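I have a structure I would like to understand better, so I am pasting it below and will then ask my questions one at a time.
Read from first to last, the chains carry the letters A, B, C and D; within each, the first residue is number 1.
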Amino acid sequence: MSLLIRNGEIVTANEQYVADIYCEGETITRIDRCIGGIDAAEVIDATGKYVFPGFIDPHVHIYLPFMGTAAKDTHETASRAALVGGTTTFIEMICPARHEKPLEAFELWLGKAQGKSACDFTFHMGVTRCDDEAEHDFEEIVRRGLSSFKVFLAYKGAFGVTDEELYKTLQLAKRLGVITTAHCENADLILELQKKLLAEGKTGPEYHYWSRPPAVEAEGVHHLMTFAEMTGTHVYTVHTSCEESVREALLGAQRGVNVWIETLIQYLLLDRTDAEKPNFEGAKNVMSPPLRDKKNHPFLWNGLRQGLIATLATDHAPFDFDAQKRMGEGDFTRIPNGIPSLENRVDLYFTHGVKHGRIDLQRFVETASTAAAKIFGLFPRKGAIQLGSDADLVVYDSNYRGTISARTHLMNVDYNSFEGMQVEGRAEVVTVRGKVAARDGHFTGAFGRGQFLRREPTHF
Amino acid sequence: MSLLIRNGEIVTANEQYVADIYCEGETITRIDRCIGGIDAAEVIDATGKYVFPGFIDPHVHIYLPFMGTAAKDTHETASRAALVGGTTTFIEMICPARHEKPLEAFELWLGKAQGKSACDFTFHMGVTRCDDEAEHDFEEIVRRGLSSFKVFLAYKGAFGVTDEELYKTLQLAKRLGVITTAHCENADLILELQKKLLAEGKTGPEYHYWSRPPAVEAEGVHHLMTFAEMTGTHVYTVHTSCEESVREALLGAQRGVNVWIETLIQYLLLDRTDAEKPNFEGAKNVMSPPLRDKKNHPFLWNGLRQGLIATLATDHAPFDFDAQKRMGEGDFTRIPNGIPSLENRVDLYFTHGVKHGRIDLQRFVETASTAAAKIFGLFPRKGAIQLGSDADLVVYDSNYRGTISARTHLMNVDYNSFEGMQVEGRAEVVTVRGKVAARDGHFTGAFGRGQFLRREPTHF
Amino acid sequence: MSLLIRNGEIVTANEQYVADIYCEGETITRIDRCIGGIDAAEVIDATGKYVFPGFIDPHVHIYLPFMGTAAKDTHETASRAALVGGTTTFIEMICPARHEKPLEAFELWLGKAQGKSACDFTFHMGVTRCDDEAEHDFEEIVRRGLSSFKVFLAYKGAFGVTDEELYKTLQLAKRLGVITTAHCENADLILELQKKLLAEGKTGPEYHYWSRPPAVEAEGVHHLMTFAEMTGTHVYTVHTSCEESVREALLGAQRGVNVWIETLIQYLLLDRTDAEKPNFEGAKNVMSPPLRDKKNHPFLWNGLRQGLIATLATDHAPFDFDAQKRMGEGDFTRIPNGIPSLENRVDLYFTHGVKHGRIDLQRFVETASTAAAKIFGLFPRKGAIQLGSDADLVVYDSNYRGTISARTHLMNVDYNSFEGMQVEGRAEVVTVRGKVAARDGHFTGAFGRGQFLRREPTHF
Amino acid sequence: MSLLIRNGEIVTANEQYVADIYCEGETITRIDRCIGGIDAAEVIDATGKYVFPGFIDPHVHIYLPFMGTAAKDTHETASRAALVGGTTTFIEMICPARHEKPLEAFELWLGKAQGKSACDFTFHMGVTRCDDEAEHDFEEIVRRGLSSFKVFLAYKGAFGVTDEELYKTLQLAKRLGVITTAHCENADLILELQKKLLAEGKTGPEYHYWSRPPAVEAEGVHHLMTFAEMTGTHVYTVHTSCEESVREALLGAQRGVNVWIETLIQYLLLDRTDAEKPNFEGAKNVMSPPLRDKKNHPFLWNGLRQGLIATLATDHAPFDFDAQKRMGEGDFTRIPNGIPSLENRVDLYFTHGVKHGRIDLQRFVETASTAAAKIFGLFPRKGAIQLGSDADLVVYDSNYRGTISARTHLMNVDYNSFEGMQVEGRAEVVTVRGKVAARDGHFTGAFGRGQFLRREPTHF
């Protein structure tokens, strides 16, 4: 198995030059001008194209049971969609219920992916309780190659942890050297606001926002900052949606907290009014934290440009509109949360970021790939184009023009929140460890070829 | 002319892998494992060593007249010291007096460097007045390859600009697409506080701090943020010394200002008490902004680690203690400002940053080299190790142990503020565009080989 | 001369009870239940009415030359309007041109008021330059009974001071123990933004806002805070219009600055759209700082309620629409600034504050009367209802309903920005030092009876 | 019963004048110059003295069971000490255990005071759980005349409420119009930090601080601000000890929260080192939040001066050093918390505030008496000197000089944390509703004469 990508413009977080890339087996073995004397099994002409390192989505849900139903993608459909969209690695959330044993949950989630996924994957280990037995499991899970935890300050009674558990989790994370990612919203406020809204007959999807206003998220971030400050561990705020929350994280950083901020493609391009569409259409755009006021868009773009925000993810969670989102008719709290975006993240971000002049190419690669690799212990195997790195490469055509639509997308879900949006760029060829897995919007990979990525603690 | 560096661990802002680097002429032409079949003029074994891109000091003074005297280094002595210390490119400040024509100043400064410097160089164009005639010159200077301005909010009557000029400068910078670097301290407050202190008989170097307390600097930064916000141009705060100032810049960034923050090695390792040493010894450590309280050290380190602070420079300005600093005996306002550090920046930063676990290798390279290259339009020619980049390379021995001393340093100045400090690392070999210029602490380069680096506007 | 006010509900910043008030000569000599055995010259039945201390407007312009014209009110018309509206004392700004001698300006302004005003008055001394000669004058002026300065950070070339003068003024203020009030907007930014807007053909009153956006004001406040911090003197920000500015002042207070914040009735009830009215109507509502976005209303009300904002004034400056505001047709920078409000402040504030439940009665009196008296050295002669205080009393009918209109107002100006607004309350009787000066909306006072109020330094 | 106080200088939050005060029965019935023709039972000559309204301590503990022991003061000893020190009203905390019925707790606490106290009193109703049954009790308690709740974010498992209960409590408070006072420290962080410290063998009183650092308190304040913002109710942060916490409350106020801030005399005059005294002496100065770094002193004084901080209280909680504080030898978490100050608050505050020029007389009275009366629904019955107010008066001798000592104090506790401090002022005569209760440091009142003060909701 060998692959030669000829004459592309290699763009990483920190490089930009024209060269050939030769991959033997699964890794990059040569990068040079005009590589000759080689008989590659596959030769791709990348002249006039960018060659990016495979993109990484550090926050996706695939196996996700929710109120008796489950997210629609399997690892086959999800990895297919990811690859066609240029994402070659994702980090899935393991979300066990409180009563489930962590190790069993790890094995369950791993089993759902292994042998199925066409792209590489790893997991954040959801810590939904933290007692002695669970700690024992977490240590074992870290030994098996996970190096990040996920805690929910929201979802009390389901995934949410108590303050005592939060402290213990962060202490454990400190000891093991793993980073803790956190969903930061105050659980009790949400519950009480939901109760209040429903009692007032405010049951439509447009009220979801009011059950989780910015103050509820900012409270969660402030809370995490304090606990991280007290335990001295490094943390990561997932799906940070608005100015109020980012400010709290930055204030934390200025008090010495080692914190990384993630935002989502949805928060850059959609806004609160999308969840207020009539005829229950808004339900398609219900996620948590909710879509925010449009005034947050320039704030978040600027944060990405300036390095205040580290990563751009999706929190991909696909539920059908007709069969699943509609469960929440008459009660917005029962609308399955999520705006499927795994397939479209890279193209939308390239279009509205690079093409529209908001961020440069290096920062684009850094926030959509490299930073996640570094923060989560995948670097330099992933997120880089260097000798010895996995040959996860994206030959990207910045002249392509297309339109996003549920009719054509590959995600296993019956709508697309970005329906009708134009994109100015597309992955022409996508490789996973040296093999072409997508080409011109079509999946050409192999299910089951995706590997579980063992990661080491990052010990900051 | 060809050079082969064998088997080093290449470390950039975004890579880490072992390979050989082959340079033909002045550029990197091959990076590969075990490059064979080549007859390099010079072969360096870098086994067990890091290979970094040449370090960039974005803020130095060499030709610097000051109150009838002048900084001691020439481009010979300065470039020699820089190279021995691993710095292969520096950006010098052109500081014309108000009455000097900018273009003549540019030519004067360029003439001092060209044919003398052993390393590459470029300049920030000091804007010390901004009228129509001067604007015309600035446009010409940008055409000739400078793409950054420098303004002083301090030094009223000398280099300082009025608010009207500041606005015009930023407008011009916006139009030309160049970035404006700024010395942020309120000029009038300094003058008044100096007057007050001298009138009270407070004339020693220990009072320098009190003539420029943190509030004076924070005021300057806030001022710059407002002007940058109103003109929509990108800016860069040089030698940001303390929490108060960094906070104002970050608040600016959160209001949408495109701002990059620089701090200095001096502010990370020295503190206010160093300028309070008895017997006028403190004068050695007089610079502006002044050395701050020690509590700022962890704040600044954390800012560098987390991407809040972009670059680490020196503001190198060498004045002899005996003949020059002593001019300020009896009047601290007459002490020539500056703490020479050009030679020691990299080793001290590596030691206290990487070795002591405060930042990782990638962030080390990014803040001491790559970020400056990107911000100032030198990337990817400088700051990267990629095909086609200038072969400015630093083979770095992290096992070296040494002690800093004025007795052994190469800077042309009779003291060293870091006297006696241990370093844990040293540049073993330093190359400038393919030729070895320093080895094991000795200069082996060629004066006059350094080139003026033409830069393009960065047009953020 | 004696006056008995029977059975009113006395409400001060700190009291609320029913009693009779007896005034002999000019002062309050008895406060008691059912005062008997007295043969008062005038008896007023205040049953069911509030009795407030006379209201104080700490920021008005009456004699105000501006671009070849002058504000329309004289001390006769202004004091008449003030009294009918419940204001029994105002503090006028003395605004000399830079070349005028301060002492002559003081005498000029004093001469315009003395023998004319029907209510008591004092002045803030405008410091429009600060050299040795001027300092000498200021000392004399303080001896003659002024104890507050006014500086303009805006209006460069006209009233504005340089940073050096600002520092000197604050130092002088510190030495003399007087408070410095400041118009906080950055002068150069305004000039440059004005130039830019006019060059773009943006000449209508709706562009006035964009020549002085919130950042320009916040910059001014931050600047003042730094200078006050460095000189240790107490300061007062006049006409603070928006959240951005108030925040800077509060941050200053938290750094130890002794600062008091004033806002205006206009900023509580009008907004930016009022200055955007078509057909040049917006010009009526042009003042500086400009009317802001409506979202600032709750912020300012809350600040008044919670003691973050100290005083509520008017910056009264009456220019006719037809003859004067129209001077700015085709060039908004030539629109005379000001929204006349002296007559309506108290009723509008009572209506929207007390009646609408935003502030309580005590806080109403405190912000509209007592705080100004304390800050500016008039307390307890003014701003209080106690034995020995001046008998400046307002018998207030909270059941009155009326409508504001230029057709009926007494201010000497041909429009009213609050035209058509309802008020829920009116001064039924207003006394000045024991004599009735207004009754039921009619002026019954005596021109020339108003006194110049000598004040002592407040030496905080 | 009648009382005439002759010729004192009456000083309230808003007045300053010389007059006689005549009290018939329990209230002030005349205030006049030279009241004649009256045959008062008691005549006090206050010439050259201040006459203040009786001071109010809004935060005291008297009946306080704690880990098997109880605070030492009874209502006899406490009210005696209060009166001698000029405090004529206090608000005690009712702190039921979670399992106690609120109404029974109210009756228990009321019973401990009624018939015993020599001064007037009321209570904050501690909400230590909030279920339907408890809500029913709280409604009844409000009907009986309490109009403030107290919640503990600290003391998990004992007094502390869950977030759900906090929300419900604030909702209930909103509905009933009562204000909620809150002890703001994160309970779980304290528990975990205590565990960690004890496990490390850090058991002495000097470690108490480290179990509750500023971040733990600031977290609590931020938390309360969010919950208050979400419920729209008015709140009050008790014993706010440091800059970090005050800032969070002020940021809350700027987001629209109706919040009042209390600090304590201890935080103005003592600091962290007082709790670090050797030989377990530090235990005398253990309270929560802990004494802070000295740098907070000017910050808090400035906050009081500028109206950012509303009230000055004591959190009086007297435990003997020998028999009680010593319970915590070998385990700082078992040291009974509290620094007894009820008797000394007024004199210390007058000395260090008014005499040392940090606050003026009006602000002194406002923060130590009137503000508490207004916030808690006692105004204008208390906190004012007006006709009809309770005749609680303090004739204050500002020429008195004395020294604080446990040997002479009247609080029932064997040490005084202010031992040896000088005071420059003392209450010469103190009256409670028209009767003299203390004179020259001696108690002359009547136990049991103190009344329970019924209060109405404040419905902000």
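Going forward, contacts are C-beta pairs under 8 Å (C-beta built on N, C-alpha and C of every residue); 3 or more make two chains touch, one makes a residue touch a chain.
Predicted, not measured: the structure shown is a model, and the values here were computed from it.
Colleague: Going only between touching chains, how few steps reach chain D from chain B?
Modeller: Contact-graph shortest path, chain B to chain D, evaluates to 2.
Colleague: List the centre-to-centre spacing of chain C and chain D in whole Å, with centres computed as mean CA coordinates.
Modeller: Measuring from centre to centre gives 37 Å for this pair.
Colleague: At what distance in angstrom does the C-alpha mean of chain C lie from that of chain A?
Modeller: 56
Colleague: If you average the CA atoms of chain A and of chain D, how many Å lie between those two points?
Modeller: Comparing mean C-alpha positions, chain D is 51 Å from chain A.
Colleague: Could you check chain B for residues that touch two or more other chains and list them?
Modeller: Answer for chain B, listing residues that touch two or more other chains: there are none.
Colleague: For this entry, which pairs of chains touch?
Modeller: A-B, A-D, B-C, C-D
Colleague: Provide the residue numbers of chain A that touch chain D in the complex, in ascending order.
Modeller: Per the stated touch rule, the residues are 162-164, 166-168, 171, 186-189, 191-193, 213, 215-216, 218-219, 222-223, 226-227, 229-230, 255.
Colleague: Can you list the residues on chain C that touch chain D in the complex?
Modeller: Interface residues on chain C, with respect to chain D: 10, 12-19, 29-33, 243, 246-247, 250, 253-254, 256, 258-260, 298-299, 302-303, 305-308, 310, 362, 366, 370, 374, 379-380, 383-384, 386-389.
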